[in-house]
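In the two complexes that follow, chain A is the common piece, with chain B as its partner first and chain C second.
Let's turn to the complex of A and B:
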């Protein structure tokens, strides 16, 4: 119920925000067309109806999965988003993987030994990640890892750079794998093409590391505080007094009790990054929904922007809801 | 439990400057230095002859010296138009700081009032306030900004105020409103039953009187702790939106749009146009977060990721 209200409000706000503009038709038709043509197109697209009627039409279409048609490319927005969402999801998924590799172990370590070297390293990385704008970090990576490494002069052929050029999901001239899930790495594995899977993974690394460094700090900090809280709690002392070993206690009591807030945050991060990685997508020419929204913005194609905004917000809200449900199911204390 | 209305504290300025650790103090000094630069930026040109660094007109191109690497004449090099990156980075400090400050003050101020009001009234007012917070926070920040620009794209409603800047400020306040509302509300919720509030009620003080004189002062600590962090966040959002071409129009100096201008150059090896403005973003955000010992509570799940 609450979920439905929030979703409806999200759509209303998104709609009023993007529809309150003047005459977007000039954007798609150019300025040099007669009033009559504009009028005809406006009629066609239902722009002359009262705003409430327009909203009702949009909402009923939305519930049928119809997000309108792009004014520029004339392709339904929902189709485009369905095509681009897997790219974004793949990038966000690998971002989380990278975060799990650095943020969680460092967080656990920092929770166990707050004054240790690794704790300070983690805090340093967190400080850096919070301060640095992701799009700038991405550019810096491109410069340092793609441009700077020396390449042989032309007659000998350019030495392949260690990292791929920042141009989307696969290198130019390489056919993406047959679409099954839309995740290139998975699709390539399904097709049994390991070289291609490796290739797509390689293209993912820079965007994923960039996003992970800037979105991982909260994960590090939450892990740290959850672990340090668990370590100093009575049940851990009790476990030690039973005579259980360090490793057993760490896994059985500390990590298990510290994991809910961390998993919760990881899920929220996933939902957030679906729409929050816009700039990194732009920097790495990643053909996801973020770049799509920016493209729509550049062309004053507001149905595209609205569609992406709504989809991203809806994914976030639904994930939030699911996380709540899972916590409810996992933690008996919440049930009364 | 007896809760007292707070007394006016002394030595606020000194405590603002000197942090709990040496590192914090250095970061804060760095911030005040940048703030000083932002304030004096427009007059730097008049004192060019006494300054230890070369300063130029941030808007006058030098067609004979485009894309020059950092030299003694151009400390941070020049961009494709031959504009001096160093001067522009300094001038941009002023733009970014001002916009962040106005946006946070506007959204945060309203958020504080709404949060205090929700905590005082409770019941359905509180319910509505929380739903508003939830809805606003379910939009990814940059997409919200994008939608704002889509909305105000062709509306010229801000009169003499620069259109892009006005929408930027509005976006920043839309982001900050729920942050402050939530924080202030959660701090003040237990105060509704406090004795000094009851006493004030008995003394005949109206609802707004209580909110203004007793509630808001009690949340001052939280508000002050949130303020530098949200400003830092705002700087990143402004730069991020300008990076995709929204907000500050290119010839005007702004960190995000300068990075955008250098983005195509960086793959050719001309790093200085993008790197220096970005470094200033990092410095300002880093120095601003030095005002708060606890930075993890602020920024939503995805971090800033701007």
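Let's turn to the complex of A and C:
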């Protein structure tokens, strides 16, 4: 119920904002056309209807799962999103996996041993990650790893031509796996093609590491503070005093009690990256939903922009719902 | 249980010092604590907040706060040095030998775990047994602590318990470890009067039923005198006087103990007074008597010589230049 209200609000706000940014007519027709053609096109696109009627039309279509049609490519928005969302979802998913590998363990360690070496390493990475723009870091990686190494002697030539940087979801000339989930790594595994699975994973690593370094710092910091708060709680000291071991207390009491804020933030990060990873998508030629939205904005393509906004909102809402369910199951205080 | 050591004490603290390194410099909450607890006996420790009562209990369990360490003296459990135990031995000592009941009953329980899970885990941490036996024990333990409906309580979570109920659960938790000594850190401070009395009575009764010893600390002399046979008075990180309850309550020798008694004297019906002067700062290490600035009986020796220890009989000790009070 609440979720429906949130989504309706997103649709209303998104609709209002996209409609207030100017007409898409010139973008779709160019400027060298006569008034009559423009008028005809406006009529065709329903732009002469009152805004409320336009909204009602959009909403009724939306409820039937119709997100409209791109005014430039004439491809239904839902079709494009179905194609591009898995690309972004896969990248964001791996980004979170990378963050779970570094930010959470370092955060736990830093919470337990605030003066330790690993705590300082984590804080250093967090400082670096928040002060560096993601797209720049991505470019830096490509440059350092693929363009900086010296030219190999002829006839091998420059390195990038031998080992092209992994841009896009697959290298040029490689056929993506048959679409099942839209996640290439998963689809390749389903098809039983391990070489292809490895290849798609290879293409995921750099964008995921780039995004993880820049979006992981809050996860590190929240984990650190949640763990350090849990560790200093009286019930942790009490657990030790009953003769429970370090490992037991860490898992049973400390991590359990520290997990709610971390889970929450992980969901937020996922939702944010669905749209917020767009610059990294551009750098790595990733055909994702963020690039798609920017393309829509460039062309005043209302339905494209609004479609992405709504899908991102739906993902947010679903994620929050799942996190709420998990926390509900974990924390008895929420069940009362 | 007892291994023919010299004095037969279960627990023996001697000259225990604790130092905590904080951002604003070292703090010395314990400055030479001497204390013996014998099997099955009930000892109370009284003192103002900051006198080192809670830290004494933590030193016994070697549970130091961040930056804290036991920097001097010895803690012996049945003639074995607690300070020399390795991690596994320490884990075995905690719970099965000494268990603790905490001041704030609700926050001493893990908010995410059911009462049953917590009692079962504490029980199983200290003996090799099955879940079934542990669950049966948990039910019996709650019944012993006068919960009319143990099965309901077992399935509850800490936030669903009142303060008194939570403290009875904490007692059950400590008992579940099967210790020979129970430490109680102001176990009734946050509870209302009638609940306090009930919890104290239950604690005493359960400890005696198990032949365990009890070390009970409180700022409340009345609560301590209700359960303890021997009472120690703490001041500035030392036990300045120790003796049988009757002696301490009627005719203590240390000027601080006398002042404390006057403050809490209920017979006169007057409003409680405070002891003039400032509470000692524990950032200092006291070579001389820490009470001398507030002491009505200050003498020349107090400013010159370190505190003498008067041993008056088997269980009476006094740290004061005045010596034992007569009359």
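Quick note on the criterion: the second predicted complex is superposed on the first by the 310 of 336 C-alpha atoms of A that agree within 3 Å, B and C clash if a C-alpha of one lies under 4 Å from a C-alpha of the other, contacts with A are read in each partner's own complex, and residues count from 1 in each chain.
Rule of thumb we're sticking to: a contact is a pair of C-beta atoms (placed from the backbone, for glycine too) under 8 Å apart; a residue touches a chain by one contact, two chains touch by 3 or more.
Because the structure is a prediction, the values reported are computed rather than measured.
Undergrad: Quick one: chain B and chain C on chain A, clash or fit?
TA: Verdict on chain A: chain B and chain C fit.
Undergrad: Put down the vertex angle at chain A formed with chain B and chain C, C-alpha centres only, nearest 10°.
TA: Angle at the centre of chain A: 80 degrees.
Undergrad: Going by the contact rule stated at the top, is it chain B or chain C that touches a larger number of residues on chain A?
TA: Counting contacted residues of chain A, the larger count belongs to B.
Undergrad: Looking at the overlay, what does A:299 touch: chain B (first), chain C (second), both, or neither?
TA: The answer is neither, since A:299 touches no partner chain.
Undergrad: Just chain B (first), just chain C (second), both, or neither: which does A:73 touch?
TA: neither
Undergrad: Let me test your reading of the model: by the given contact rule, A:327 touches which partner, first (chain B), second (chain C), both or neither?
TA: A:327 sits against neither chain B nor chain C.
Undergrad: According to the stated criteria, A:253 is in contact with first (chain B), second (chain C), both, or neither; which is it?
TA: In the superposition, A:253 touches chain C alone.
Undergrad: With both complexes overlaid on chain A, does A:235 touch chain B (first), chain C (second), both or neither?
TA: Only chain C; A:235 stays clear of chain B.
Undergrad: Touching A:54 in the superposition: chain B (first), chain C (second), both, neither?
TA: Neither partner.
Undergrad: Output check: A:131 vs chain B and chain C. Expected answer is one of first, second, both, neither. What do you get?
TA: The first partner, chain B, only.
Undergrad: Note down the smallest distance between any C-alpha of chain B and any C-alpha of chain C in the overlay, whole angstrom.
TA: The answer for the closest chain B-chain C C-alpha pair is 13 Å.
Undergrad: Could you list, by residue number, the parts of chain C that touch chain A in their complex?
TA: Interface residues on chain C, with respect to chain A: 61, 63, 66, 87, 91-96, 99-100, 102, 104, 107-114, 121-122, 125-126, 157, 159-160, 170, 173-174, 176-177.
Undergrad: Under the stated contact criterion, what part of chain B meets chain A in this complex?
TA: That would be residues 131, 134-135, 138-144, 146-155, 232, 236, 239-240, 243-246, 256, 259, 262-263, 266-269, 271, 274-275, 278, 281-282, 285-286, 289, 295-296, 299-306 of chain B.
Undergrad: In their complex, what parts of chain A are in touch with chain C?
TA: Of all residues in chain A, those touching chain C are 232-235, 237-246, 248, 252-253, 256-257, 330-333, 336.
Undergrad: Help me check something: in the complex, which residues belonging to chain A touch chain B?
TA: 2, 5-6, 9-10, 13-14, 16-18, 20-24, 127-136, 139-140, 142-143, 146-148, 165-166, 211, 214-218, 221-222, 225, 265, 268-269, 271-280, 282-283, 293-294, 297-298, 300, 302, 305-306, 308-309, 312-313, 316-317, 320
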